[in-house]
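Structures for review follow.
Look at the two complexes coming up: chain A is in both, with chain B in one and chain C in the other.
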Partner chain A sequence: MSLYPSFARPNSLAQASELLAGLSGGSVIIAGGQEIMPYINHGAMQPDIYIDIGGLKELRGISEADGVVSIGALTVHRELQGNAIVAEKLPMLADAASRAGGGRQVHNRATLGGNLVAMHPLYDIAPALLALGAEVELVKAGETRRTSLAALMHETSHGLGSEAILVRVLVPAMAAGTGWAYEKLKLSGGAYGSANAAATVQLDAGRITAATLMIGAVADRIIDAAAAVQGLIGQAWTAAAAEQLELRCPALVKQPLSDQQGSGEWRQAMAGVVARRAMAAAVARAGQK
Partner chain B sequence: MDDLLVQSVLVQWRVNGKLHEIEAMPGMSLLDAVREQLGLTGTHMGCQTGHCGACTVMLDGRIVKSCLTQAATLPRAEIVTIEGLKRADGTLNPVQQAFWDEAGFQCGYCAPGMLLSAMELLAEHPEPTDAQIDTGLAGNLCRCTGYRSLVRAVKAAARKLQDTSGQTPG
Partner chain C sequence: MADHSTTDDTRYVGQAVRTIEGRAPIVGAARYTNDFVFPGQLYAHIVRSPHAAARIRRIDSSGALKVSGVVRVLDGAEAAAHLKPITHYIDPAVFGGKSAEVRVMAVDDVWCYGQPVAVVVAEDKRTARFAAQRIQIVYDVLEPVLDAEAATAPDAHIVVPGWDSNIMMQAPFRNGDPDAAFAKAAHVVKTSVDIHRFSTQPIETRCYNAVWEHDIEGVTLYATAQNPHPLRHVLSEVLGMPESKIRVHAPVIGGAFGMKMHGHPEEALMCLLAKLTGRPVKWTETREECLLIGAREQRHHMELALDADGVILGLRDRYFANVGAPSACPGWGMAFLTGLTMPGPYAVRDIDVQMTVVITNKPSWNAARGYGKESTALALELAIEDAARQLGMDAAEIRLKNFIRAEQFPYNSPTGLIYDSGDYSGAVLKAMHAIGYEGWKARQAEGPKDGKYIGIGVAFELTPEGGALPGTMVAGYDSSSVRVAPDGSVRILTGVTTPGTGNPTGIAQIVADELGVTMDAIEVTQGDTTTCPYGFGNYSGRSTIVGGGSAALAAQQVRAKVVTVAAALFDVPEADVELHRGVFSVKGQQGRTLTFKEVCYAAYTGAYSVAHGITLPLEATATFKPSNIRHTPDENGRINPYPSYSNAAYVTVCEVDVETGKTKVLAFAAAHDCGRVINPVLVEGQACGAISFGVGGAMFEAIAFDSSGRQLTRSFMDYVMPRSEDLPAVKMVHHDSPNPVTYMGLKGAGEAGVGGSAAAVVNAINNALIPLGVSLNTLPLSAPNVWGAIQAARKRGQREAAE
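What follows is the complex of A and B.
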């Protein structure tokens, strides 16, 4: 730590990447600041160097090409909620972004990149993006690479936040007729859910042909409930199928979180409840425009 | 590359219509800059964690929590604080007037967040539903009122703005 931190605002991705590669550590990337400022304000974080990425145009903009929606890391929650491409092609992402806490002020500045890099288990955007099969583009020491968000969340040395920059998120546009739902079960009026679930589903003649389900806020990582969903394929969404799903999900939560959002045992049970609710709402929406 | 690194940033902000040039030290929040360097103490500090909303200002047309915004990351900015809400003739703007008429506030500590949130809400939803008012004010905590008077004031402000139609909040 330094009493006199330094600051840089590179104006291109290449410049930022070169700068980060040349620094020996102790530097912190800042985007909207919504995540790190509380720690800085209270002295819990005292970086030597701030790298402000707000000037990087490469990290801005939302576009669609060949069925993939590309969203710049600096896109704020409010844009995710209101952008026409996101609303049409990725409605679940728009919905999840609107469910985040902090109020309008936070939605106006909190970036997609900052939300994902925080990798906070209680956050809302990652479950939705995982359920949609999102990929991410990263730059580290001048090298660009693309990987699935799911794989990134298990990497331990991605360097994001200090050495590596998250550039864009690439999300396959939701196929027409895809059912989807984001469920956030809150214990209080506070920001965070006690159990969150993101579900997508495809139906053919009343039977489930494909489904994805992610459960957040119940463990230190977002849980891919593919194993629980597998049993639904080929079936109609009946009361029995719903019950089966609800009972299967808690078993996927090996070490439940126990915090202000509720006790571990209860969170484990709620994993099943939000999963059932999300899938039911997704099925109800499937096939509708 | 190292020459990109600086120890302070000279920022240029138009604050409540007036141009300021200030030196922002790395790490300093916009809240501290506004209160300490510009002396605009109407912007309140309640938590510095982003929860209370008392530090709300308008930055380039959008409301933000100044405690969560780092001053040095804003080389150029248009900022409106609660001091800048009154009309040119010194009278309260219609939203402020509605909060006054309805006794919306008690102590008023939460006023920056509540007023600016109400203004942004009404600019987007001139006739807000109860749910829209709840979402619109959600970023702010009030320790005094129990929120009913605030909601009443927002509704009164909406009517006031409709009456003086064509006029935008502020």
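What follows is the complex of A and C.
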């Protein structure tokens, strides 16, 4: 810890990785600073050295190849909202990014990487990416590794933020006709989410052939509601199916968060409401372009 | 927004003039208190108690003193050796209550979470904060009391050692024969209203920078202070130093809302540290610290006695205010005003209101916009809504039936207030018309759509403003100087200050008209005890009433001087001289003109000729003292501390999503009476601000604690104020009844609206939920709370159906 941290701005991923490997603790990666600066200003975090990754070209840009959209970790929320590839191939991600709070100023600086590494249960981008089956590319001590975002979120020693760099996020393009919806329930305009749901669905002749559903902001981890969605496969989306889904989801919330975003009892119930609403909207959208 | 067209464009008053002081903050050029840095500047960090109730066993500062860059460490006991207890802004003892000895930092006993315990002064902020972590404090943690009613239990922990109970003050507000009124009532409606702790959060937090003036052995305090002169007086008492050695300078303020009224420990503490170190010492409040300042938490047990037609015969209220730990700030007085303002706009004579102000281990209150009058409005308006529902009456109709009528003014209220003027029924009807009441009723009658229930809420708020409490520095009068320079430019210096409301512009409009100059000739200086005339600063919607009123009187005196000089220059009788927007002319003689500048220069240089008959310089200081404030008690011991009674009607339409409990405000209208509008933009800005305060408080702003009394709400992530998407455009209509005793009929316009708008929202939500059998008078009506009430009502329904 240092009262006056030093500052380094490497120019390449290799340089950054080398630098991080050579430093023993106390270093912290900074991207847009939207997450970390409030902590530092508040005294909750006292790093020795900031590694500003803003200069790493490898972490920028959005491209598509072989049905996979590759998004640089430094992509800011505004780019996610306005990028043509994202809009066409991953409209749910664009929507989730636009639903994040903080307004324009934050959206212009807040990066995809920073949002994911924060692993904050109330955040919006991870549920959408999880529902889309995203993978991530990390670099640690010069080694590159690829893993699913879902697995990463359960790792305890990924070292992101201090030793490891999140380089890119790789998301399978949404198949044509996929229905999707991101549902966010918050107490007021400026509040973080109290219950969020990201859903995708494929329909064939009115029956659900595949679906994903992630529920965020109700527990300390994002909940994969695959178990609740299972019963929908092969079914039409009927009032009864909707009711079933709404009943099943709260049961997946073992330990609801209970904080100023709402009581645990309410959050648990809302897990069902947002799940049903998201799925209903996804179904309504399915098959449309 | 209202129509801003005005008929009289020869005057600035009444027009939507752009604020003269508005540019600097918008372009980032304003200098706030925190922007001042002086040579040798030091920074203070305050160590605060993590416990709500504790005894301090030991404080070991040695670790902090070892940190390089630390200049001084002080604990409560050492500070107490240098400083007297903080003088109360409003001493409860003056009103028959108990007065605690409030020290700048805890000595032996901790009263609340966040109470200052020690302070570190260092060469920079980070060093001070780092060193503060090295101070070791051993506490004996005690069981706190957090609930007001629980704190009155005989076995409750006593917050202030030596007190016999936690009750700081109890007072009745009684009139007539309430028992008889209840005995003959056809209906008695009981309503409990729980108002939670919510606050006012200025974007600029507090900041004090004390500069030791070696040449005079005195101190200058740069401060986010609403009331520089009275603060100087407090500092002189606490520091034991004459007022003449103290200067308080309050630069541009980024919002105050009452929170920057003084009595805060950090004010005198920074002065002491400057004295001890001989260097400037600054402390800037963090948001977390700012959120410690509470307000408003009250529980009312209301009873209304009504006849068969819905006429209110009597009112009873037992209310408890949880004011937190003792403080020298004027916050507790809010509780007193709640009772004094009963029964608001209603013509009820037989009342029995009992106030109980309770000290608990929550952090202290300070004044907050509304100053207790918002709680009166909430309690009354929610009770009346309940009454309307139980009697099957329309919410508007029951109010119209019970209002004081326009021809009854001036009206002596049952608590001794003298309401100056108003037309309450007219305001309600205007607001209903503005929102399209009948249309919404028709839409509501169509029933819920997609689980969304619509409700309409009506509420009224009476807001006494411009207050003066006897024996305190809450004064009813104020003074201003108008100074005209030889070049004809004008400086107004006022005893009132602005928290960012735009009153300098309003005052300049008044002076421009009275003096006869253009707006661009005027500068306004406020907030400096050494340059400004003695004054009491801003609170209680007073600054335009008394600041504008006194500046008008001073301007009239200066105008008389320049007119005399102009008459001599023109060589015509004074009565023939005209002055408008900086140009003198002679009645009936076209083409003969002189500029204001020419006349002013002639005055300054013509003391033995054209200015022979006047007293130079071209300056005057005047005081405005509203004549209807009465501090001599009447036969019942009552006083009238207020000169003006602003009032407004609020009507809102809310939509409740019954699946989630979430509410959306669909429409909002207000009809506002501030006596006379000097500048509609300023008035509407204030009124809309108050409305968003009320809506935020009613629906989601809340300061929460855990069961051990630790505050959970620590940042804007948890304390969320409304954003534009949370409010529809407010339809604002003016319904002004000029105040007969103030300059131009002014009433306060800065404070009104928090309670009325909050009550309108609560009433609308409850109105929407009538079909579900929900009535929720525990604030805030946040989505989880509304949902919880709906669930409870459903379960109740199921149980009843099963039985």
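One rule holds in what follows: the second predicted complex is superposed on the first by the 288 of 289 C-alpha atoms of A that agree within 3 Å, B and C clash if a C-alpha of one lies under 4 Å from a C-alpha of the other, contacts with A are read in each partner's own complex, and residues count from 1 in each chain.
Convention: contacts are C-beta pairs under 8 Å (C-beta built on N, C-alpha and C of every residue); 3 or more make two chains touch, one makes a residue touch a chain.
Small disclaimer: the values here were computed from a predicted structure and weren't measured.
Participant: Between chain B (first) and chain C (second), which does A:Ser194 come into contact with in this model arrangement: first, second, both, or neither?
Facilitator: Touch status of A:Ser194: second partner only.
Participant: Determine, under the contact definition given at the top, whether A:His42 touches first (chain B), second (chain C), both, or neither.
Facilitator: A:His42 contacts both chain B and chain C.
Participant: Applying the touch criterion given at the start, work out whether A:Leu185 contacts chain B, chain C, both or neither, answering first, second, both or neither.
Facilitator: In the superposed model, A:Leu185 contacts chain C only, not chain B.
Participant: First (chain B), second (chain C), both or neither: which does A:Val273 touch?
Facilitator: Touch partner of A:Val273: chain C, not chain B.
Participant: Which of the two partners, first being chain B and second being chain C, lies in contact with A:Ser263: first, second, both, or neither?
Facilitator: Second partner only, chain C.
Participant: Can A:Gly54 be said to touch chain B (first), chain C (second), both, or neither?
Facilitator: In the superposition, A:Gly54 touches chain B alone.
Participant: Kindly classify A:Gly231 by the partners it touches after superposition: chain B alone (first), chain C alone (second), both, or neither?
Facilitator: Touch partners of A:Gly231: none, neither chain B nor chain C.
Participant: Could you let me know whether more residues of chain A are touched by chain B or by chain C?
Facilitator: B
Participant: Should A:Arg9 be classified as contacting the first partner (chain B), the second (chain C), both, or neither?
Facilitator: In the superposition, A:Arg9 touches chain B alone.
Participant: Can you list the residues of chain A that meet both chain B and chain C?
Facilitator: The overlap between the chain B and chain C interfaces on chain A comprises residues 4, 38, 42, 46.
Participant: Which part of chain A faces chain C closely enough to touch in the complex?
Facilitator: 3-4, 38, 42-43, 46, 185, 187-192, 194, 259-260, 262-263, 265-266, 269-270, 273
Participant: Quick one: in the complex, what on chain B touches chain A?
Facilitator: 1-2, 4-9, 26-27, 29, 48-51, 53, 56, 62-65, 67-70, 72-73, 75, 113, 117, 120-121, 135-140
Participant: Over in the complex, which chain C residues touch chain A? Could you list them?
Facilitator: Its residues touching chain A are 124, 126-127, 129-130, 286, 288, 659-662, 696, 699-700, 702, 704, 712-713, 715-718, 720-726, 782-784, 787-788.
Participant: Would you mind writing out the residues of chain A in touch with chain B in their complex?
Facilitator: 4-10, 15, 18-19, 22, 30, 32-34, 37-38, 40-42, 46-47, 49-50, 52, 54, 78, 101-106, 108-109
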